[in-house]
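In what follows, chain A forms one complex with chain B and a second complex with chain C.
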Partner chain A sequence: MMTDQTLISGAPRVKLKWYQVIDPITKLLLILDMTLLSFASTNLLLQAGLILVATLLLLFSKLSSTTFKALGFSLFLIGTMLIIQGLFYSRNQTVLFSVLGVSFYKEGLIYATTLGCRVLVIILTSGFFMVTTSISENAAYLELSGLSYKTVYVLMSVCYILPEMMRNMRKIQQAQKVRGTNPQKTLIQKLKSVLPVLIPLVIKTLDQSMARSISLQLRGFDNPNRTVRTSQRVYRLSRTLHIGLTGLAILLIGWKIWSKINGL
Partner chain B sequence: MVEDKRIVIENLTTRYPGTEQPQLRQINAEVHTGQVVGIIGNSHSGKSTLCRVLAGVIPKIVSAEIEGDWHMLGRRVSDGWRAYNAMTGVVLQNPAGQLSGLADTVADEIAFDLINQGMAEGLIQKRVVEVATQMGLIEQLNLRPESLSGGQIQRLAIATAIAANPAVLIMDDPTSEMDPLGRRQFFQWLAQVKETNVFIVTSEIDDLCEVGDVVWVLNEGQMVAQGRPGEVFNHLAADWQIPAPTIQQLAQKMDWHLADGRYPVNDAELKEARYVHN
Partner chain C sequence: MKTEPIHRTSMWKFKLSAATMTLIPAAVGINYVAKALAEGLKLPVWLGSLGTFLASMLAGPVAGAISGFINNVIYGLTLSPISTVYAITSIGIGIAVGILHANGWFSSARRVFISAIIIAIVSAVISTPLNVIFWGGQTGIAWGDSLFAVMVANHAPVWLASFTDEFVLDILDKVCVAYLAFFIYRQLPQRMVHFFRDDK
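Moving on, here comes the complex of A and B:
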């Protein structure tokens, strides 16, 4: 029996955006393919192309503050990596430039840039997936694909743990700030403030997971009579995209194995 | 065969693993169809544990040593969890923990229980609107559950508990995060509930006296008093540290009592006492 959640909500039907007609599995396969492509070559032009594609996907979908934060943190890490590898990479030979008498080497910088590009490709494509797919959409799609609701719930719960921990952490840190015990002005202070609350944070999150598990059992989520929700979402070209992207992933993995065997 | 419409608890003792003292000791009680039972007591008196036992959470989901017996409307947890669970609606102490976390909207969250029961689509839509109207959430149906206030989340938790029309409703402090208006609306709604056995843990003594048929007082795991609100609150022991209802305190100051000598505890009894006094 079809359960139209939009009808239940009484929400008006709105025109779907382009990313809403792409199903979650296609988006996950896209992350896989982009990552594999990035790891398949060290060509910086290809890496730049992949970053451009991933950035365009994000720009033409939705931008969230979380994506910016993740991106900012990644760029900070990449910057650090560039400095360290530019100075100390074991295969450094060719000096590219010097600053205040400190030499940066071409080999190290290229190596760090390649790694950084790969990180960016993963962050940007994952960001695209996260901002365009809700947990409930994933759950509904996986259940429709034939997975039992129990399995779907376990999978989704795993996705839940990190955001839930971050929410709890924010609450604890806000409480600390209000009481003046957590100034958090410098990076060291921020790190110091995290360490003492890690264990209570994990326990609290597990406790919340336990409460949710009790609640779900009380609400009959494993009832064999459960109606499989048929989403009103119409996904386009799902089958073709699944076959195409899976084929590409197999090809890329095959290429990687073949090149390893032949020492390319 | 005569249908058993009682809820019976016999010599119930419960102890969580790793604890020395039992959380519930030798509880005995009997409730009849349609009664609203208010459970009151101080912290660690066993109120939430009793709710967990009645809901079947203990021993089905959370393990604990249990002595004695209880059955609701002729069923025990051991007779079959699914049937027992379908009979009850539960509101947990932490309402946010009650949400599935997989619903995009309030409507989806309420529909979750109905979908689990395999209800037909048309009925689900109708029931969601009915329940949301009862809980004053009709304007929030399209909002994300996480965007609601604490009081609204509690109302949503109650909505999810009553969606499937349970025969027994068990609520553990369901108004703790509600504002005064929300609390008043909740108790007005509760006063209209018929043919459902309601167990409610609350510290809202005044409201409880208006809607409760029976009050159970727990103290250190023991049921130290049970009976109609007027009987229980007129015989409170000082060491239970439970405040008397405002109306009773007022009547004591005015020395307005009922014909049987008790002080009134609710509006109706206050009017009666005033009539007797005049």
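Moving on, here comes the complex of A and C:
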């Protein structure tokens, strides 16, 4: 955030980090291009290269627990994928190794590794976007790039409503426990305990939505003469990067379609 | 009966009014919280489409589809990037619920069951190609995936195994969510139902 002083002087006093001068659309296009590159080939070396690039991007920006959480879940799934495809992939022919009499096949393992690498490329590149852009930055930038302010409001208000809803849920759960709702041990008891929490929660949420909607109308949100908030961020090379990355995406999609047609 | 169908011609009418603008984030929030609740109680279902169901029932298929889409985009950009691609499934669910509700298929407990099956089919049909592209056909849920492994081991085609894996999980989830949405919708105050419907 800029201080009042920097606003007066017009020049940012704090030196921006390299990832702060890249605009959100460029980062999103980067996710698209990296994904397309990863899907363009089954070459494991290329996949490893892409993972390395994405990891470096993350290492030189910020590391956050959200990326690790996303990685944790996917790594587990990739693990099960390696086992299932290694054992049962339809094109399995060459036995690579055997554990306790169970044979793992080369073809299935390579197939699962390729898929796993693609997932990792997407998660790591998205992780870069997640940790380097804030909600307010996205909102301001999306509006500046021409998205209607109503759509931006819908997108961004979710991020502000969620913590409020989680608080409401905990409050309702506690209240139901105090009133002595069932002990939630068996599956049926658990399912039964969902309704007394969800009904008040949904009604409360929709009630708050109604109140919010009325206050939006009263504040003249539909007013056509609304002033657009100007962004305080300075982005570098946005146009060039957008054109370059979009061009690459079109090329990759075109090449994929071309090779599919020729392959048939 | 509170769940009288919306007039057919008004089903696809959509305007991003102040009411829908606040309903969509609320629906996304409900999806998120219901999913967290199911995970917290270790239920074998996701419940993550409850908000999409309610938005479709209250404001029509377009509002439901937008809620589903935004839900997966936000979820993808904050927690699990791959779930962004399943936004297409959520759009399908939103549209299916909206059409079924507008045609009176959420008016009685028996009809809700049939609706749930149709929605589960829609969801599984859209999700299967995505599962095959990204996860080799798996869904990431242990018992569904064990079914997948057994089928693939017995030389069943990957598409069929993946569809079965997805469908058995979807049918359980969508039946639970459809009944939850049905009961909750009936509990909603009339002023609320009319507020989100009439404002279009």
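The definition used in the following text is that the second predicted complex is superposed on the first by the 180 of 264 C-alpha atoms of A that agree within 3 Å, B and C clash if a C-alpha of one lies under 4 Å from a C-alpha of the other, contacts with A are read in each partner's own complex, and residues count from 1 in each chain.
Simple rule for what comes next: a residue touches a chain if its C-beta (ideal position, glycine included) is under 8 Å from a C-beta of that chain, and two chains touch if they have at least 3 such contacts.
As the structure is a prediction and not an experimental result, all values here were calculated from the model.
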**OP:** Give one of first, second, both or neither to describe whether A:226 is in contact with chain B, with chain C, with both, or with none.
**Re:** first
**OP:** Using the touch definition from the top, say if A:249 reaches chain B (first), chain C (second), both or neither.
**Re:** neither
Original post:
When the two structures are overlaid on chain A, which partner does A:158 contact: first (chain B), second (chain C), both, or neither?
Top reply: second
Original post:
Does the superposition put A:71 against chain B (first), chain C (second), both, or neither?
Top reply: neither
**OP:** Scan A:134 for contacts with chain B and chain C and give back first, second, both or neither.
**Re:** first
**OP:** Would you check which partner chain A:217 touches, where first means chain B only, second means chain C only, and both and neither mean what they say?
**Re:** both
Original post:
Which of the two partners, first being chain B and second being chain C, lies in contact with A:199: first, second, both, or neither?
Top reply: second
Subject >> Greater residue coverage of chain A in the superposed arrangement, chain B or chain C >> reply: C
Original post:
Touching chain B and also chain C: which chain A residues?
Top reply: 153, 157, 208, 212-214, 216-217, 221
Subject >> In the complex with chain A, residue positions of chain B that touch it >> reply: 55, 57, 60-62, 82, 85-86, 88, 90, 92, 94, 97-105, 107-108, 111-113, 115-121, 124-125, 128-129, 141-142, 160, 164
Original post:
Which positions of chain C touch chain A when the two form their complex?
Top reply: 16, 18-19, 21-26, 28-30, 32-34, 36-38, 41-44, 47, 50, 54, 66, 70, 73-74, 76-82, 84, 134-136, 138, 140, 145, 148-149, 152-153, 155, 158, 176, 180, 183-184, 187-189, 192, 195-196, 199
**OP:** Can you check the complex and tell me which residues of chain A touch chain B?
**Re:** 1-5, 7-11, 134-137, 139, 153, 156-157, 160, 208, 211-221, 223, 225-227, 229
Original post:
Can you list the chain A residues touching chain C in their complex?
Top reply: 31, 66, 69-70, 73-74, 77, 80-81, 84-85, 87-90, 111-112, 115, 118-119, 122-123, 126-127, 129-130, 148, 150-151, 153-155, 157-159, 161-162, 165-166, 169, 184, 187, 190-191, 193-195, 197-199, 201-203, 205-210, 212-214, 216-217, 221-222
